[in-house]
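In the two assemblies presented below, chain A is common to both, partnered first by chain B and then by chain C.
After this line comes the complex of A and B, so read on.
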């Protein structure tokens, strides 16, 4: 079996607001193996970003609060790590690419300096060596004329180029795990294709594990080895990309896939939709959070939370339909057998 | 043949940035939209697709060309005529968070068009109409006393649609109307837009960058690059047989939800990025990124020409192969 880089058990993160406790992440467990890409998919507000940010301890506490759960990095429990201890991990062992390359770079600093910051802190290289390292990094991420470009400011670059700079910063110290939070959402499709290709190439080259957060199922299909589908603060289905796309077992996963206008759908056929809107995370429902949007909802769904059922090796879903006592359902035809 | 509702002829919109710099956002664009049909307009950011939409609605003053809407030149209309025109042409905006006034109730937002054009006799009639509009877009009439912040993104977009429909328009420009929404909500709004089109015989200009959505919703599709249309055809034909190298590159770049084929496919045919539209070079604007470029592409600007089947392409190399 491949080496586990990261192991998350039953992570719960809440925010205390005037409106009450917002249960953003409600018991999430997953792991990341060495050199693989795990995609976390879900709609906005489902807690995917908060999950990743709380692993890196980037969630401000308060108002955030880590209620429960353990975070293990290379078999070391880092759940209770202080800020100071985390600083040794962030950038060096794990790093992050953010969605918006326009706002996540410092506009008053030359990009070379911004990359240098992390390199200097973690490696203690001499100035000359560090500079060489920066030039090497910029070449790796496909920025032309690195010796000139490292002296320029972020506003002088296009969105795609800025995202390349972000990737260079993230990879500066060869981290073992890279969190990418919607890295291409702000970019055009052709630029997106280039950035995704770059991430795949760098993953091959350095053996970095990637945790990719996205809402775009096309990107998931392109990048992911394994997929975790999140809904209302929980992982509802997890499996290999193959399992999730070709044999989805949770009605939400299935609905998501069906709601995309595929390339062979004619204008006359209506798109399948998931009715309603996601459940509120203030006082989330007692049973399954998807129950009131699910057309197969049974009595039990409103009363009890579904446990995780293993479907096959590595493929699991949290849905009462997967219980052996439940009626068998054909998701494709939408019928109860 | 059915009636042509919108006829855009050689439309130009330039922005003068400084003394010697002209940004040619829209540079000599022509197309027509038939009544009850949808034209999809796709392209990367900065290609001028939003400017096209806004210029057609006369939100920008054009630097050349005409837009004929129901047999009248909309730029020649006087103040009164323009006011009438705004009743027939409406817009749905991209960002449902920024395009609704946070200090107005939903009823006031949807009713504003009714007030401006005095489309009711009594208060009761106004309230009734707002109720109808909200029902039409799938909202509850009780919602009319609430404020935009009480709604989710999808619901807000429904409010924006109700606002656009309030004056009974015939033509709606949807400027990235669904791109800010979540996948499951996108499908709801797409279905709503298509239902409204069937019921009210609406005509859409659907501006978007998501190709699979455009393919699904549009009858015809035009692809823009740096202020020019490079390819235009029926939606089915364009996606089956893209001819322009840019269209091909754009389609290859879209990731599809099919892992087995996705991991094998080559995505980035197109290298580089969209160059700046400020003082664009002569000849083909796609020259720098094109893998089939020849000398002629630098010398002569390719014109849109039919390759048969109403499939128009502006590329020297495509036409060289054909003829």
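After this line comes the complex of A and C, so read on.
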């Protein structure tokens, strides 16, 4: 078994707002092994970003609040780490790239300096060595003329280039784990492909584990070793990329896959959609949060939360249909057998 | 850059010309003439004075005369202060107002920015409430109340500072404080709001994700970005403050420029009013020009 870098158990994060407590993350457990890419998939507002941001403790608290759960990094419990202790982990052991490269770089600071800050903080390199390191990093992420470009400001770069700079910042101290929060959502498709390729190449080169947040299943297919599907603050199904794409067991996962446009569909066929909207996280439903939108919903679904059922090695889903007492359902045909 | 400056200079000249023209004609729509106000002069005498100063000639002719003199830097004689040119009045009173204004700014700027930053960093805590309290106080207490209050405490009761007038450096302390408080209040308020806005920016999160300490993030990522609104505010603020303030100069009996802004208009002193408007206008345009250049130093995106 490969080395576990990160282990999250029953993580619960809430926000206290005037409207009430928003339960953004409601008991999420997952782990990340060395050198693998875990994709967290789900629609907007399902708690993906909050999950990873609370691991790095980037969620402002208050209004945010870590209610429950443990975060283990390299078998060390870091759940209760102070901000000061976290500063030694952030950027050095774990880093993050954000969704919008247009806003995630400081507009008034040269990009070289922005990379240098982290390097200086964590490695204590001399100025000369640090500069060489920056040039090497910028070369690695594919920025041409790094010695000149490191003196330029973010607004002089395109979105794709800025995201490359962000990746350079994130990888500056060779972290063991990289959280990528929708790193290509704000980029056009060709740039997207380049950035993903770059991330894959760097992962191979440095052996970094990646936690990739996305709602784009195409990216998941391309990047992920394992996938966790999130819905309304919970992981509803998790498994290898193969499991999720070929033998999805949760109706939500299946719905997601079905709503993908495909080349095989004729022009007349309407794209499948999942009717309804995600459950409110202010007063989350007592039972399964997907029950309202699920065409297989049974009485039990509205009353009790489904437990996690192991389907096969490493593949698990939280759905009452997976219970042995439940009727067998053919998700492809949409029939109850 | 050179092209930009030339363009800006041209626009500035046009602005000043428009300002002078509009105020020249507006001023003449006020009822009455400069010689019928405070002294009792006979109608014939008034007529004579009007003819003497050329105020009876067609308005357009007067305008052209005024403008051609103005271009040569001659703003004419004051109609009220006999035998004194507008230039010489400004020359003697402006340095006093400007020195008071600069002192107040030198006091208010660092303190205001510091309080703004401190208050934003400690949002919702006691420090924040204290800073907000000071700034609300500074904005809402009129300067004549604050001025008299300072005089009462420090001059009348404690007898440690002079009551009024403008001679030794000791005399400048009270008016400086009185003037600085409202400036400080505005600066604190704007800096606080600006810092809070910057705090929610994505790049602050990036900086945090790099593992930087809180103080490092504030220093190298937030303050510089938060300075842009301060610069915008600072241009007109400096111009206004250096021009003097009527109320504070009145209370502390300071022979500054401020009083003339009010007196020249109520006395229908055409040349003096025009002179002040044009002088103020030039000052304001220059201050804004400097601010526009300074933006570039703070934010490379607006560098010309």
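The criterion applied here is as follows: the second predicted complex is superposed on the first by the 337 of 337 C-alpha atoms of A that agree within 3 Å, B and C clash if a C-alpha of one lies under 4 Å from a C-alpha of the other, contacts with A are read in each partner's own complex, and residues count from 1 in each chain.
We take it that contacts are C-beta pairs under 8 Å (C-beta built on N, C-alpha and C of every residue); 3 or more make two chains touch, one makes a residue touch a chain.
Since we're looking at a predicted model, the values are computed, not measured.
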item: Fit or clash between chain C and chain B when superposed on chain A; value: fit
item: Which superposed partner A:128 touches (first chain B, second chain C, both, neither); value: neither
item: Contacts of A:190 with chain B and chain C, given as first, second, both or neither; value: first
item: Touching partner for A:44 - first (chain B), second (chain C), both, neither; value: first
item: Partner chain(s) touched by A:87 [first = chain B, second = chain C, both, neither]; value: second
item: Touched partner set for A:325, first chain B, second chain C, both or neither; value: neither
item: Broader residue contact with chain A after superposition on the shared chain, chain B or chain C; value: B
item: Chain A as apex of chain B and chain C, Cα-centre angle in degrees (nearest 10); value: 70
item: Smallest distance from any CA atom of chain C to any CA atom of chain B, in Å, after fitting; value: 13
item: Shared contact residues on chain A - chain B and chain C; value: none
item: Chain C-touching residues of chain A, taken from the complex the two chains share; value: 56, 58, 83, 86-92, 95-96, 98, 100, 103-109, 114, 117-118, 121-122, 153, 155, 166, 169-170, 172
item: Residue ranges of chain A in contact with chain B within the complex; value: 43-44, 158, 160-161, 188-194, 196-197, 215-222, 224, 241-242, 245-246, 255-257, 259-263, 265, 267, 270-275, 277
item: Residues of chain B that touch chain A when the two form their complex; value: 44-45, 152-155, 182-188, 190-191, 194, 209, 211-213, 215-217, 219, 235, 239, 249-250, 252-260, 262-263, 267-268, 270-271, 273-274
item: List of chain C residues in touch with chain A within their complex; value: 201-203, 205-214, 216, 220-221, 224-225, 298-301
